[in-house]
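Data first, discussion second: the structure below is written as structure tokens.
The letters A, B, C, D, E and F name the chains in turn, as written, and every chain counts its residues from 1.
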Amino acid sequence: MIYATRRETFSASHRLHQDNLTEEENSNLYGKCNNKFGHGHNYILEVVVAGEIDPATGYLIDLKKLKSIIRENVIDKLDHHHLNFDVEFMQGIIPTTENLAVEIWKQLVDKIPHGKLYSVKIFETENNYIEYKG
Amino acid sequence: MIYATRRETFSASHRLHQDNLTEEENSNLYGKCNNKFGHGHNYILEVVVAGEIDPATGYLIDLKKLKSIIRENVIDKLDHHHLNFDVEFMQGIIPTTENLAVEIWKQLVDKIPHGKLYSVKIFETENNYIEYKG
Amino acid sequence: MIYATRRETFSASHRLHQDNLTEEENSNLYGKCNNKFGHGHNYILEVVVAGEIDPATGYLIDLKKLKSIIRENVIDKLDHHHLNFDVEFMQGIIPTTENLAVEIWKQLVDKIPHGKLYSVKIFETENNYIEYKG
Amino acid sequence: MIYATRRETFSASHRLHQDNLTEEENSNLYGKCNNKFGHGHNYILEVVVAGEIDPATGYLIDLKKLKSIIRENVIDKLDHHHLNFDVEFMQGIIPTTENLAVEIWKQLVDKIPHGKLYSVKIFETENNYIEYKG
Amino acid sequence: MIYATRRETFSASHRLHQDNLTEEENSNLYGKCNNKFGHGHNYILEVVVAGEIDPATGYLIDLKKLKSIIRENVIDKLDHHHLNFDVEFMQGIIPTTENLAVEIWKQLVDKIPHGKLYSVKIFETENNYIEYKG
Amino acid sequence: MIYATRRETFSASHRLHQDNLTEEENSNLYGKCNNKFGHGHNYILEVVVAGEIDPATGYLIDLKKLKSIIRENVIDKLDHHHLNFDVEFMQGIIPTTENLAVEIWKQLVDKIPHGKLYSVKIFETENNYIEYKG
């Protein structure tokens, strides 16, 4: 079993807030991540594909192709956008890094041409990151 | 001459947009940084103080004190905020990294207890950064 | 299954040495890590919690809470201390990174409020690191 | 179960090219990695050994010894060499990072004195890496 | 005075060798960098422009434009190429990092639309880098 | 003018403490850096040499030689040692990073074979660093 990882970055903003909670409940739950005008991050995304090496090419998957797939399906929709307001696949979803990892998984899982999607990892800051394995 | 640097980070959002320009002019000028709902970054701030070593302590400046000064005057006002809407010292200023560096300089220049403020450096992304030397 | 990681750092000193061995045996076993006056590191600690996303919050675990738990139970006891002499939970234990990881695991395993402790990873230097999974 | 990792680096050049394919097939398959004169990378290698802590030493494996084993068997043969032309264990093998990881595994798997080889990870660039687990 | 930096990367191979020296002289001078088949690096390039902030935009220079200028004039010519054989602006020049920095400076110095080129910095490895200021 | 930098690392311990001060004065001055048993760091050292490129070699200075000079004169004396107790050139000197930078400068300034020593930079942690320019 071999694992190929592609790292991409995107800059986005978000606000952790639930309309069905009171101001105080939101503040208790999300602290400064609930600040009224939102904030943002340079997210780092690592996508891992697992499988066998194709002896005809020496590749598990051409990482240039994986890069294009990630950019088209994920990065172009997230980069320089606001997770609460103008990212279609995040509509109605609390934009925590956990939920973002799950939704990015859903965008990619059917589009991997060789091997299978193994993991989606997102660094929200240099100290906090989330990994989802489906 | 000796130089002491303290590194801090903050997460903020912004939008590059001027009300006195048309939509098209804003878009031409700022590209995806002009996207309607804004975006954000994990900014990295490096503050450099220059001076002489105090022989009584072996310090140019106690970096624990410099950390407190930067957090009180800069980080607490920027972290998890929106540069366009809820950062007092950025009101009325186009929130480019260049302008942000100049305004951070102004917040700090009179508050350095030993040595003099030498440089304010801000990494907006891992590929783009600005340094201001007053 | 989702995994949430919190990264913390601490600076500590240690000496690899066993009183029941001769000087030569200690030197053969630990090399320069046995130097008489000890040495130190900027350790990087990564704590991984595994579990399910709570749909009420979008979190596996609030990483601000995990940060407080790690700081109170681990970092405050290690940072700027000497692993051989003034860290209670390391008393009588050879302060290798392997043993340190196991003891940090013990400090944390019962204190994780959501999900379960999955891994404790310690970087001793940029080239050497240890991971313990219980 | 505990995991000990040693990180090493080497600088090498390579060209992705198969003699049994036409120029156009090679170009379609490998893109700029097929450029005629080759190119190179600062590869980062991480070797992970898994096992139990030896209570007599506090080590899973002495990382100074693991370092020597990796340097003698792998780094000295790769560093400042050309993967296509003057690395014996890569002769006749397409020098993709996937194949390189497998061949490095073969060089090391029988030479680990304590614990077992668990993983060989290679970063080809800061955005692309491969992990092989045997 | 404000300084704006753009960071780019490229992967290239080279060999330090002078035809007018004997094998032994080349080997004494360049060591393993003289190995017959060459080797390569992931070079990191940082280009610094110095000037004043344009009050009409808040920019010293649009870093998206600086990125395009660097890619067109430098990166596209170096990335996945061999500095000795297929980079036009390095023909006849010993491909040390020092000389590479000077030649990259020459490619860029007349093409900066706002401000002036201040520095070209190249990291050959994580431990060795060169800066040229014209 | 061209600048060549070599990066090295060393692990050492220290304690900030002056015998001529009371316990309380030491504690006020140095905080947790005064803790009784000391602590340690993975210091990162960057040594910068400035000068002209030698047209006969393409080098400002052979960085392999600079590496040997730094290791022999600085790293071998500091690595895995205690700055207060077993580093000869630090005897009688408060082991702040500022003083350490000055003393490393003194060790190196007369030993640079080409160009001149320009700067000694030490990262004590990822957030604090000192630069000395003589």
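We take it that contacts are C-beta pairs under 8 Å (C-beta built on N, C-alpha and C of every residue); 3 or more make two chains touch, one makes a residue touch a chain.
Given the structure is predicted, the values throughout are model-derived calculations rather than measurements.
K.L.:
Between C-F, A-C or D-E, which shows the same interface as B-E, counting it as a repeat when over half of the contact pairs match?
P.N.:
Answer for the repeat of B-E: A-C.
K.L.:
Higher C-beta contact count, C-F or C-D?
P.N.:
Greater number of contacting C-beta pairs: C-F.
K.L.:
Give, as an integer number of Å, the spacing between the C-alpha centres of chain B and chain A.
P.N.:
27
K.L.:
Roughly how many whole angstrom separate the Cα centroids of chain A and chain E?
P.N.:
Taking the mean C-alpha position of each chain, the two centres sit 33 Å apart.
K.L.:
Indicate the residues of chain D shared as contacts by at least two other chains.
P.N.:
Chain D, residues with two or more chain partners: 126.
K.L.:
Quick one: in the complex, what on chain E touches chain F?
P.N.:
Per the stated touch rule, the residues are 16, 29, 31, 93-96, 98-99, 101-102, 126-133.
K.L.:
Within the complex, which stretch of chain F touches chain C?
P.N.:
Residues in contact with chain C: 9, 11-14, 32-33, 35-42, 79-82, 84-86, 125-126.
K.L.:
Going by the contact rule set out above, which residues of chain E touch chain B in the complex?
P.N.:
1-8, 53, 57-60, 63-64, 67
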